[in-house]
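Labels for the chains are A, B, C and D, by order of writing; each one numbers its residues from 1.
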Amino acid sequence: MLDQYTGVAIMLLMAIGIAGGMVLMTSILGPKKRFADKMEPFECGESQLVSPRQRFSVKFYLVAVLFVLFDIEAVFFFPWAILFKRLGVFGFVEMLLFILILGVGLMYVWRRGGLDWE
Amino acid sequence: MAYYVNRNVKMTWWERSYIPEILRGMYITSRHFFLNLFGFIPFFLGRKKEREIFTVYYPEEMVKYPPAYRGRPVLALNENGHPACVACGLCEIACPAYCIHIDPGCNSGKQNEIERWPEKFDIDYAVCIFCGNCEEACPEEAIFMSDDCEISMLDRKKMRYTKEQLLVPVAELKDRIEFTRKMYAKWNY
Amino acid sequence: MITELLITLAKILFIIGVTVGFFAPILTWVERKQSAIMQDRIGANRADILGFTALGLFHAIADALKMFTKEDFIPEGANKILHTLSPIIAVIPAILTFAVVPFGGVYNLFGREVNLVISDLDVGLLFVFAIASIATYGYVIAGWSSNNNWSLLGSMRTASQMISYEVTMGLTIIGVLMVYGSMRLTEIGAIQEDFSRWGIFLQPLGFLMFLTAAIAENKRIPFDNPEAESEIVAGYFTEYSGLKFGMFFMSEFIEMVTISAIVTILFFGAWHIPFLTTATLLSWFEILGTTGANLLVMLIHVGVFFAKVIFFIWMQMTIRWTLPRFRYDQIMKLGWKILLPLSLTNVLVTGIVILMLH
Amino acid sequence: MELLIFYPLAGFSLMLALGVVMNKSPIGSALCLIGMMLGLAGIFALQQAHFIAILQVIIYAGAIMVLFMFVIMLLNLKGTDTKWRARERNTLLTVLTTFLALGVLYKVITVIFEFNLDSPAKVPDTFGTAAVIGETLFTDFVLPFEVASILLLAAMVGAVVLAKTKLD
């Protein structure tokens, strides 16, 4: 059972090697010319007016919370889906309840404008 | 010729899914793709390939620019082999970018053919904005916007053209000369 | 044990060679050349070696050479470690996903069963999603660490778009899993030997939704808001140069290959030719002996699989050069308000149909 | 063979766990935490809990850490905040956490000695696969499963109420 992960492990090491080697190569091979104007962050030729280190709108946070919740929901679906034919009607009713309860949640979020972007 | 787009069209459910429109768009692009990809086959079969496309394969194929096109300004060389310019300096003044530099040459009395001519006439194409004011200001039909626009180069110093580089025989500028006569005559210059 | 390891190593080298060595550089050329052909242009054909241009194929080499020799630029005020780390985080998942993607069936070579997949995981499809969810960090950190307003906007957009479509992508293939009853990609591929059981016939809506969600997850046009050139310069990789910039592109192209491979396996019969079972193919080449016939069939299957993959890459390219970019709120609306309820409905309808048939 | 993989993985996870606590910048801590989650997933896979290992990556490393990342990016905490420094010298907190950690360590050590490590439990080949876990979840544990959905609903409502309340 364990040896099925051997390939993943070797592949991971190789991917790290490729990616790390690329970054190393580009930092070694490229020229280095530093001067003040060049090192400024790009803002279409102007100096930076506002620092990007500012607080952001909370609606991005709401998306993240909803994502976590729906991701957990989706994870429940996976084992259910592959067992569906074995569980039969019982499993279907079970999942119907689950979907309905979460559908209520989705509708609530929808109606409260949690999914709206202006 | 203004026409109005009716934005209150009620779309059916099927239209609102946008799937037919997406497929139609993809049909058009992939039709072009396959026509261009395999369009050379009739050419091999002995039939002349007929291109139904408007684009031009630029460096190999060139288009003739219309006479109204403003390329790089050039000096006209008249039939006698002299520049038509009389070094009056009007174009130098008219130039909003100050890219024209003229050193006038004076007639010392010996030459009867021409009275004044430019000793030096430089145009810096790195500065020129191709506005055509010099052409408009010229009283002698000496400076014209040509149809040449390929003046990119690696050295800025080389973009400053001298009189010898600028001179172009009048015969090559015929279209533009006629065009300017028509245009500026209309505006009662 | 050693032979097993060697076989695994050979498969890994093949996959990395195909993705990183072949598809990633070639697709940069394909993207330019195909758009050119589509728009009646000639396209990239200037790079030449001794006057020989090879249809502009040398542009891939020229691009790579140029990227290697460009300056590695890190702007002032940026977090140097994270700025360097993020392209690595972006590339690794892209390559790693292929560990569970089968590119052929099981063949009997030299008295040994050879399964053409690097790791035949029981949770294969979930592995793909797990790795895809890790890839988000590369893009988010890239934008955050650059100390640039465009980058930060881009990374916020990336984050919310990618996580939104991750959920949708997961839910859209539940129907497929219900039909096949397995998460093992090799099993799903093997079932589709029967032409009537191809995923596209059993789950047409699932296919459409999965393709949409997958393209959105890969942030390609028409869902390229995170890197919209005309709005926020280049989004999260505005401050990247040289090969670090190229690595983001590389991961995008490799992910394109991944999407095509997954779509092929789930919906288009994986490595199978319609109406031709493996047994039929084997019986055709019986004269060559067991190993010879198996070897030939293996080559045919791998060829068919990659032909299908290339078709889907072509399709994604066509979509990219046909459709205009969506607005940001449209993307979020499509993900949350259309695809999510639609995929839940798809699950229920599939369930009802399966129950009726049984 | 298993121990050969286990120790580097465990060491890797522990180092990153230390990194979470010691790191000065919040985003560095978050990255360490993600790495630790991945290491943990590796350990789960080593214990034949394949499905749990994947869930560890999807839910913890992929979803919950994105939330953490969002919070860090939204607040944009500076690496060396003055308040952050002040917390370092909270003696009461230090003593409390030390006691807690020692208690946990004691419990862990006693539990380890209770088990017979020489003969590890034999598990069937299908152990830990999605099908087996699903089988128990959807037959024996139906009620917890449905209760979980109500829990998720509550969380959803809570998030929207918190995020969409107008302050003025």
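In this section, a contact is a pair of C-beta atoms (placed from the backbone, for glycine too) under 8 Å apart; a residue touches a chain by one contact, two chains touch by 3 or more.
Given the structure is predicted, the values throughout are model-derived calculations rather than measurements.
One simple way to say how far apart two chains are is to compare their mean CA positions; for chain B and chain D this gives 67 Å. Distance between chain centres (mean CA atoms), chain B to chain C: 46 Å. The geometric centre of chain A is 51 Å away from that of chain B, both derived from CA atoms. Spacing of chain A relative to chain C, judged by their CA centroids, is 16 angstrom.
Counting partner chains per residue, chain C has residues 121, 126, 133, 152, 156, 159, 163, 166, 183 touching two or more of them. Counting partner chains per residue, chain A has residues 5, 53, 56, 60, 64, 66-67, 71, 75, 78, 82-83, 106 touching two or more of them. Interchain contacts give a graph that is no line, ring or star and is not complete, per the touch definition above. Contact annotation for chain pairs lists A-C, A-D, B-C, C-D, with touch applied as defined. Per the touch definition, chain C reaches chain D in the complex via residues 79, 82, 85, 121-123, 126-127, 129-131, 133-134, 136-137, 140-141, 144, 152, 155-156, 159, 163, 166, 183.
Touching chain D in their complex are the following residues of chain A: 1-2, 5, 53-56, 58-62, 64-69, 71-73, 75-76, 78-80, 82-83, 86-87, 91, 94, 97-98, 101-102, 104-106, 108-109, 112-114.
Across the complex, chain A meets chain C through its residues 3-8, 10-12, 14-16, 18-20, 22-23, 25-27, 29-33, 38-44, 48, 50-53, 56, 60, 63-64, 66-67, 70-71, 74-75, 77-78, 81-85, 88-89, 92, 95-96, 99, 103, 106, 110, 115-118.
Chain B meets chain C in the complex at residues 19, 22, 25-26, 28-30, 32-33, 36-37, 53-55, 57.
Residues of chain C that touch chain A in their complex: 4-5, 8-9, 11-12, 15-16, 20, 67-73, 75-78, 84, 87-88, 91-92, 95-96, 98-100, 118-121, 125-126, 133, 146-152, 156, 159-160, 163-164, 166-167, 170-171, 174-175, 177-178, 180-183, 233, 238-239, 242-244, 246-247, 328-329, 332-333, 336-337, 340-341, 344, 347-348, 351-352, 354-355, 358.
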